[in-house]
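Two complexes come next, and they have one chain in common, subunit A, joined by subunit B in the first and subunit C in the second.
After this line comes the complex of A and B, so read on.
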């Protein structure tokens, strides 16, 4: 029997074995990823309260969605959230990581302190910050009254012009420790000999950070960017507790609006339409990043 | 490549099979079964877990073979759970519901309860309940449908509460009229507390305050606007929107009111003595629950509180109107395997031994008349209880709810727009009217 014939006989068996090994993952992927997506898109074509039989409306919900001023507000807010969360979080997180990567007394304690907000429940964080921002009895307002800084005595969460930005500030406070941890991990991977060589070549601290450390942390930046975009699009608890998307929908985000439509207004069909658009935005963002920067930052490969 | 295509086909086939097996928006199979296994499931957001367990224990004392599995959620989580269960035909046997839209959403999954009520309490069973509870239990039913799909468990008034310690210290009088309210707020200003704490972040609270104002201006007009026999742009309702605006522009409400939630922040601040007045409802009496320990001094026996009705408005009704309704009602799933046991539990919790346990905690007011806590911790607590249950509750004529969630949301949004200065009272009224026309078709 020739090698070619042996290969011909074993190939289908190998394929079968491979498929059987993959089957559990495929089934789980089908049940927990594909099925909900199909279900969601199907629901988005219905006028449906989630309980009683729905009425097929085709693309009617999508037409309605793009004429809905609150939906447009959620898109604008998501844009602000992505921009004003990812960049400050990365910069502050990087700065903290650089600081806490030095041999500092009590370094582990500082690292833990900065990371604590990231492990707190967003509900608890929301309740506490709502009190901090309360212009009548909150810490910020009291500080403003004591120091004469009148701008602190303002209802930042109660003002439609500032509510979304106040929520973003709380979010940055909450997640900067997470970025710091990522950068700390990235810093451990930088070969110390590269830094030593830079020092020998006369590079100062700023030059070393700008030309060596920052570029070498590219994968960390990109991972944080991707996580930041997805996290921003998924933001729910913090906004819901801080402002309930208000006042007058000024701080509404896609998930809070979806929740209100599905469970308060009993419009599951319309809520599914918002979810479908959210899903599309998330997929397009992720794919664009992979296309622009390669998949290396996800897999860890230098591609 | 070929292999990838085959794997893709397997995934697609799996998804298609699952998609066909359970499509969104399909009618659920609601076959009724009979027979009794002696066990039931109960899910709700109210009463709280600890009280529910006491109610179960009280029922089991008389029915030792019964088994009740109860799960109490936060309200938003409960809505998710209930909707998922109804869609998957796994409704709990007994469910907590609110009157109107929520009950109507699940009407097809619920069994009519008038036979159960009649069997337990007799032909004149409706007389056991406060009239507003009976009226609201069928709110939103189609014209030809006289069934009761839920029965009220707890009812309430919406009203204001005063911190009597602050009032006594400042020799202030509880305001009866709008002008007195303004004068009292001015008198109480300058302290460490808010004279009138309005936790207006919550849509439900904005709406109930507005309904009290609107009914004090022209009793019942809101509900006429709701059924299209009048309009939200009626000058009397525009005036009501204007008075809502005055709470903010005249400095009655505290700074940043639209960012403060009723629970937990507003309630905590009031209980801590940081406010002289707050609009909540009859349920505030639960702060004096004698089964709890370590109550704040103001809540001990209700020593520091006094309920009062929203002040009258110049040119409006001579007396303040009572607004309220059902807090929580109970329904039984149409496909329960044990309807007799479910009926027994439901009626016990509304007016039997379970109800007594519930009312002993002062959770809210009972839906049935004549049911009182077995123990009062002070004369003040007893006096307030009597005011709420005997003087006010039987007189409640106006609903604290609108009929549809769309209108509840539209009104809440309009009031928020007024509070932030984005809408004038006229524009808000027009916006609500436009939504009403959409809802009424």
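After this line comes the complex of A and C, so read on.
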């Protein structure tokens, strides 16, 4: 009872303290997150070169975008990217996590090897893989020549049919360790008595993994799914360094297309429209995931 | 369960979920999983070995390489050259001047926000969470034009401080989510006891919650180091002076020059990577616990 009165009495002061704790974040957010979003939507209604006063065109940029074949390419590429990075990264990452959750000699070294690509700059990763895929000096082509596997001697990044998939391979190499780390963290939260009980009940390894461990990692799967979708939509640096979205827009992603429109073609209004649509897609995907699965996987809460 | 584990005499190692009774008979033979892990590790390492190998190409006549990776006559000439011919030290310092402050600020502001959300009663919690999530999914490319204009208006265009502020703002959501989970794992009784002793909210946050959340802070530190150290979109559009450019801009800015000196290019890539890999190795042991919200 007395507890309750004390809390009531201190409520305004607590609000004040809380606000002070939140203040730096709120200020930074207002300036560098909220305002730019509003600014971007506003700019998307203009025909604007970014320097001279813009001309209001209403939804003109949006109608232009929906008729733009390159926009369609970016959507298709994002779709491939989402599908072909999230699933392999999750499966390989989970597999590695299962093996590296055991006590094993060299465990820390293995973990480091698989995670290091994720800490590297996309500039580094991009240039290194350009070299690997180089049809003359690259490791892949040299291997192809040495073994007679001619299909390896091919400029995968320069071929419009394969460029996006070559970039996806690089992305999987880069980020699989990140998925592994998330699964290792998820495995920490599984009560070992559950696994002991399964063993006593005579469940084999495969069955334990499939019916107990995999379902218990639901939050981890969902976090990785959301991060994967958002990360795929956001992909800029790696593609910019590897192919610049080329050849002839074949590996264009929404952010690389935005960048080209804004900083190479000085079409800032149109670039803002692409950004706005990208942001809407990202928000809608996240909201539908929160709707379908609750927000626990996002905030780290139990439910 | 927890009591069980605590009953085992502490050996200094943190209790882990999978540490059961010791099974000595397992220790002798190499585990079968090495047969799977070792080839995968080699595959994963190959690009890294290659970048180091090619950085050792001789400067004058690159000559031939074995497997496209190992120069016939390795030399450290490229490292000497990039260190003496380019103002590379300047670029390295610039990268540090951006990364270190943004890591410190994101840990400070992120943990303050996390503390308020986890332990204090603040208005509009749901709105704050919504804004955090929005920032988490926000693509840098969507705000780069606006950011460019804001920095200009604030007089922070062509200025490293501008980058620090933007990286801090964009790094906050991840920091808050990770640190808050860890703060929630601190028993509430600890908070109440400290408050009854007359401690201020700030000192409880500073002296109790922060030290207990070191694994989470390590995760945030490595994540923020990565994003600040590795980014190049923002420097590309907001920095004009060559003397202000961070390391990541150098390979692209001098791409033409490097065509004739592939070894120097790869040496710079190694230079860009070493600091961040070292930071990762330093905090590595905290990462898994930090991500799972464990406290110490």
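Everything below uses one rule, namely that the second predicted complex is superposed on the first by the 273 of 303 C-alpha atoms of A that agree within 3 Å, B and C clash if a C-alpha of one lies under 4 Å from a C-alpha of the other, contacts with A are read in each partner's own complex, and residues count from 1 in each chain.
Quick note on the criterion: a residue touches a chain if its C-beta (ideal position, glycine included) is under 8 Å from a C-beta of that chain, and two chains touch if they have at least 3 such contacts.
Fair warning: this is a prediction, and the values are worked out from it, not measured in the lab.
J.: After the subunit A overlay, clash or fit between subunit B and subunit C?
T.: clash
J.: Please work out whether A:46 is in contact with subunit B alone, subunit C alone, both, or neither, and reply first, second, both or neither.
T.: So A:46 only meets subunit B here.
J.: Counting only touches as set out at the top, which of subunit B and subunit C does A:135 meet: first, second, both, neither?
T.: first
J.: Which partner does A:272 reach: the first (subunit B), the second (subunit C), both, or neither?
T.: In the superposed model, A:272 contacts both subunit B and subunit C.
J.: Quick check on the superposed pair: does A:259 touch subunit B, subunit C, both, or neither? Answer first, second, both or neither.
T.: A:259: touches subunit B and subunit C.
J.: Report for A:35: first if it touches subunit B alone, second if subunit C alone, otherwise both or neither.
T.: So A:35 meets both subunit B and subunit C here.
J.: Counting residues of subunit A touched by each partner, does subunit B or subunit C come out ahead?
T.: Looking at subunit B versus subunit C, the one contacting more residues of subunit A is C.
J.: Under the stated touch criterion, which partner chain does A:187 make contact with: subunit B (first), subunit C (second), both, or neither?
T.: Only subunit C; A:187 stays clear of subunit B.
J.: Regarding the shared-chain residue A:67, is it in contact with subunit B (first), subunit C (second), both, or neither?
T.: After superposing on A, A:67 lies clear of both subunit B and subunit C.
J.: Have a look at where A:147 lands relative to subunit B and subunit C in the superposition and call it first, second, both or neither.
T.: neither
J.: Under the contact definition given at the top, report the residues of subunit A touching subunit B in one complex and subunit C in the other.
T.: 15, 18-19, 22, 26, 29, 31, 34-35, 39-40, 43, 50, 127, 131, 137, 141, 259, 262-263, 268, 272
J.: Contact residues on subunit A for subunit C in the complex?
T.: 11, 14-15, 17-19, 21-22, 24-26, 28-29, 31-37, 39-40, 43, 50, 96, 99-106, 108, 110-125, 127-129, 131-132, 137-139, 141-143, 173, 177, 181-182, 184-193, 230, 233-234, 236-237, 241, 254-255, 258-259, 262-263, 268, 271-272, 275-276, 278-279, 282-283, 286, 298-301
J.: Using the touch rule from the top, collect the residues of subunit A that touch subunit B in their complex.
T.: 15, 18-19, 22-23, 26-27, 29-31, 34-35, 38-40, 42-43, 46, 48-54, 127, 130-131, 133-137, 141, 153-160, 163, 243-244, 246-250, 259-260, 262-266, 268-269, 272
J.: In their shared complex, at which residues does subunit C touch subunit A?
T.: These residues of subunit C touch subunit A: 1, 16-20, 26, 30-31, 33-34, 36-37, 40-41, 44-48, 50-51, 54, 65, 67-69, 108-110, 112-113, 115-116, 120-123, 128-129, 131, 133-147, 149-150, 165-166, 168-170, 172, 176-178, 180-181, 184, 201, 205, 222, 226, 229-233, 237, 248, 251-252, 265, 269, 272-273, 276-277, 279-281, 284-285, 287-294.
J.: Taking the complex as given, what residues does subunit B use to touch subunit A?
T.: The touching residues are 3, 6-7, 10-11, 14-15, 18-19, 22-28, 76, 79-80, 83, 86-87, 101, 105-106, 108-109, 194, 197, 201-203, 254-261, 264-265, 269, 274, 405-406, 409, 413, 416-417, 419-420, 422.
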